[in-house]
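Next, two complexes with subunit A in common: one pairs it with subunit B, the other with subunit C.
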Partner chain A sequence: MKAIGLITVFSLGMALFYATIDFPPWADPQSPASLHVSPHYIQETMKETDVSNVVTSVLADYRGFDTMFETSVIFTAGIAVILILRKYSKKEDEKFLPEVSEEAEPDIIIQTVTRIIVPFIQLFALYVIAHGHHSPGGGFQGGVILGASFILLAISFNLKAMLRRISERKDILLGGIGLLIYSGIGALCVLLGANFLNYKVLHLIIPEASQVEARSYGILGVEIGVAIAVMAIMIAIYANLSSDGKYDKGL
Partner chain B sequence: MIWQFDLIILALVVISAIAAITIKDLLSAGVILGAYSFLMCLLWTEMGAVDVAFTEASVGAGVSTVFMIAAVYKTTRRTKD
Partner chain C sequence: MELILAKYNYWIYVFLMMIGFYAMIVKNNLVKKIIGMSIFQTAIILFYVSIGAKKGATIPIIEHHAHSGAIDPAHYINPLPHVLMLTAIVVSVSTLGVALALILKIYHQYGTVEEDEILEQIQ
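Then we have the complex of A and B:
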């Protein structure tokens, strides 16, 4: 069995290596991507979208449809985890008993440090989301950092302490709302008479914004949606994994 | 790009990847996978893809390591194979 696996992996790897021969050479200025697509994005981003970070403008504006479905992939993954792991009955499942069963003493140093540091983590996450236009960062990273702050709370206290701040119902609702913000902004563009996710027309409803600035605001809006969805799904996955779907004490 | 850094980080990435799949203790494998993600993050930064590095640091090295450890904690620590 192991030999078959090795042969499969080896031949598949060889096939992939063979396929790379067809690629244009690395950093070739004559390759199709460097001739038309990249120069347009690099030179016109500032003029067209008012966003200085090219990665953000490509991710949320030029390729906004891709990012919307990336967000829905994360949402679907979270829903799948909840469907598989969540248990609503109180009955004990004896199939997997954790090897470490003794309760750890709550540590005052860890809890105090967590209490001090969590607000700063969340503030940094908001900065990452809002400053994604001009520096590395954006909705995904900021959302993950926001989710990580809640996970830190759940690890250093217990899951109940986290659920008091963000309940299961609220969390899953937030996941849906995040995705709804993204697709809602897209649908709003359709209602205003442009293509789906063409933020240019948002200048009709944002006061004192030109078409270029409207694109910048549209990007900010979808980043916020992504961040909310990612945060909620990260928390939901952690809560289900750590409490075996029972939402009790957790780890 | 400094090729000496590239070489050292790439060697460490390969070493930690091999260590993560050969080690028997699943908890250690999870932690080594976190180290692997962090080294990949360094490699992305070194190649100038800072946005990808940021994502790798937060998702790969941060949250997914926690998920791995939570999953190991709730199942078993030893592999069967």
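Then we have the complex of A and C:
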């Protein structure tokens, strides 16, 4: 079995090594991948969307459909984890249960540092979301940082301490709301008479915004939706995996 | 020498991919298979990001004073692979969560995460 696997992996690797001969040299500005649509993105993004971070404008505007369905993939994954693991009844019907180690003494240094640092982590996450137009950042990154701040709380205290801040019901609701903000902005564009996720018609309802600025605002709204959904799903996955779906003390 | 300098990063990714693929098909432990899948995904992500690199270019954030004149695409690295991998990273984290949840469920049922022991119990 091991030999067959090794031969398969080795032959695949050799085929790929052979294929790299035809690749463009590393960091070649004339490589085919950099000549198709990306010059348009780089040159026109300021004129068309008023967003200087090209990654953000491509993510939320030019490839808006892709990002919307990626967000729904994350949402579906979170729902799947909840459906697989969550146990609502008290009775144990599983044959094998993981061994639970003795609960460790709460550590005063870790808990104090966590209590001080969590607000700053969340503030930084909000900065990453809101400043994604002009610096590296955006909805996915900010959402993951927000989720990590809650997970840090759950690790250093216990899961109950986290659930007092954001209950299970609120968490799942937030995940749905995040996706709803994204698709809702897309549907709003349809109601205002343009294609789905074509933000430029939003200038009809945003006061004193030109069509280009309306696209910038549309991107911001979408990023907020992504951030809320990603945060909620990260928390839900962690809470279910760490407590085996029982939502008790956790790890 | 020229060939090595131009291609060595692709070779590293192919090697990483081989490690991940080997773990996925040969390892008996389901958690190790998942780790192999993560290594595989990392190789793909690194490969995509290195496709977008351009020599002497900066990150794809347009300087504010530059938008009056023409913008040269050679000065900014290709943003498209970054966008694709940005979503791929988050999606890979959530699919990792689903995989671990399934493994936990399998452990509840069979009391082991070794593949051959599970197959023995099924037969």
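Operating definition for what follows: the second predicted complex is superposed on the first by the 208 of 251 C-alpha atoms of A that agree within 3 Å, B and C clash if a C-alpha of one lies under 4 Å from a C-alpha of the other, contacts with A are read in each partner's own complex, and residues count from 1 in each chain.
Here, contacts are C-beta pairs under 8 Å (C-beta built on N, C-alpha and C of every residue); 3 or more make two chains touch, one makes a residue touch a chain.
Just so it is clear, the structure is predicted and the values come from calculations on it, not from any experiment.
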Checklist entry - Can A:Ala148 be said to touch subunit B (first), subunit C (second), both, or neither? => result first
Next on the checklist: For A:Phe140 in the superposed arrangement: first (subunit B), second (subunit C), both or neither?
Outcome noted: both
Checklist entry - Touch check for A:Phe10: first (subunit B), second (subunit C), both, or neither? => result second
Next on the checklist: On the A-aligned overlay, A:Leu191 touches which partner chain: subunit B = first, subunit C = second, or both, or neither?
Outcome noted: neither
Item to check | Of subunit B and subunit C, the chain that contacts the larger number of subunit A residues | outcome: C
Item to check | Which of subunit B and subunit C A:Ile237 touches, first, second, both or neither | outcome: both
Checklist entry - Does subunit B (first) or subunit C (second) touch A:Ile109, or do both, or does neither? => result neither
Next on the checklist: A:Val55 in the overlay: touching subunit B, subunit C, both, or neither? Say first, second, both or neither.
Outcome noted: both
Item to check | Partner chain(s) touched by A:Ser38 [first = subunit B, second = subunit C, both, neither] | outcome: second
Item to check | Where subunit A meets both subunit C and subunit B, residue numbers | outcome: 53, 55, 96, 98, 136, 138, 140-141, 144, 234, 237, 241, 244
Item to check | Of subunit C, residues touching subunit A in the complex | outcome: 5-11, 14-15, 17-18, 21-22, 25-26, 50-55, 57, 59-64, 67, 70-71, 73-74, 76, 78-83, 86-87, 89-91, 93-95, 97-98, 100-102, 104-105, 107-111
Checklist entry - Which bits of subunit B are touching subunit A when the two form their complex? => result 50-51, 53-55, 58-59, 62-63, 66-67, 70-71, 73-77
Item to check | Residue ranges of subunit A touching subunit C (in the complex, touch as defined) | outcome: 1-2, 5-6, 8-10, 12-13, 16-17, 20-21, 23, 25-29, 31, 33-34, 37-39, 41-43, 45-47, 52-55, 58-59, 63, 66-67, 70, 73-74, 77-78, 80-81, 84-85, 94-98, 134-136, 138, 140-141, 144, 230, 233-234, 237, 240-241, 244
Checklist entry - Within the complex, which stretch of subunit A touches subunit B? => result 53, 55-56, 96, 98-100, 128, 136-138, 140-141, 144-145, 147-148, 151, 155, 234, 237-238, 241-242, 244, 251
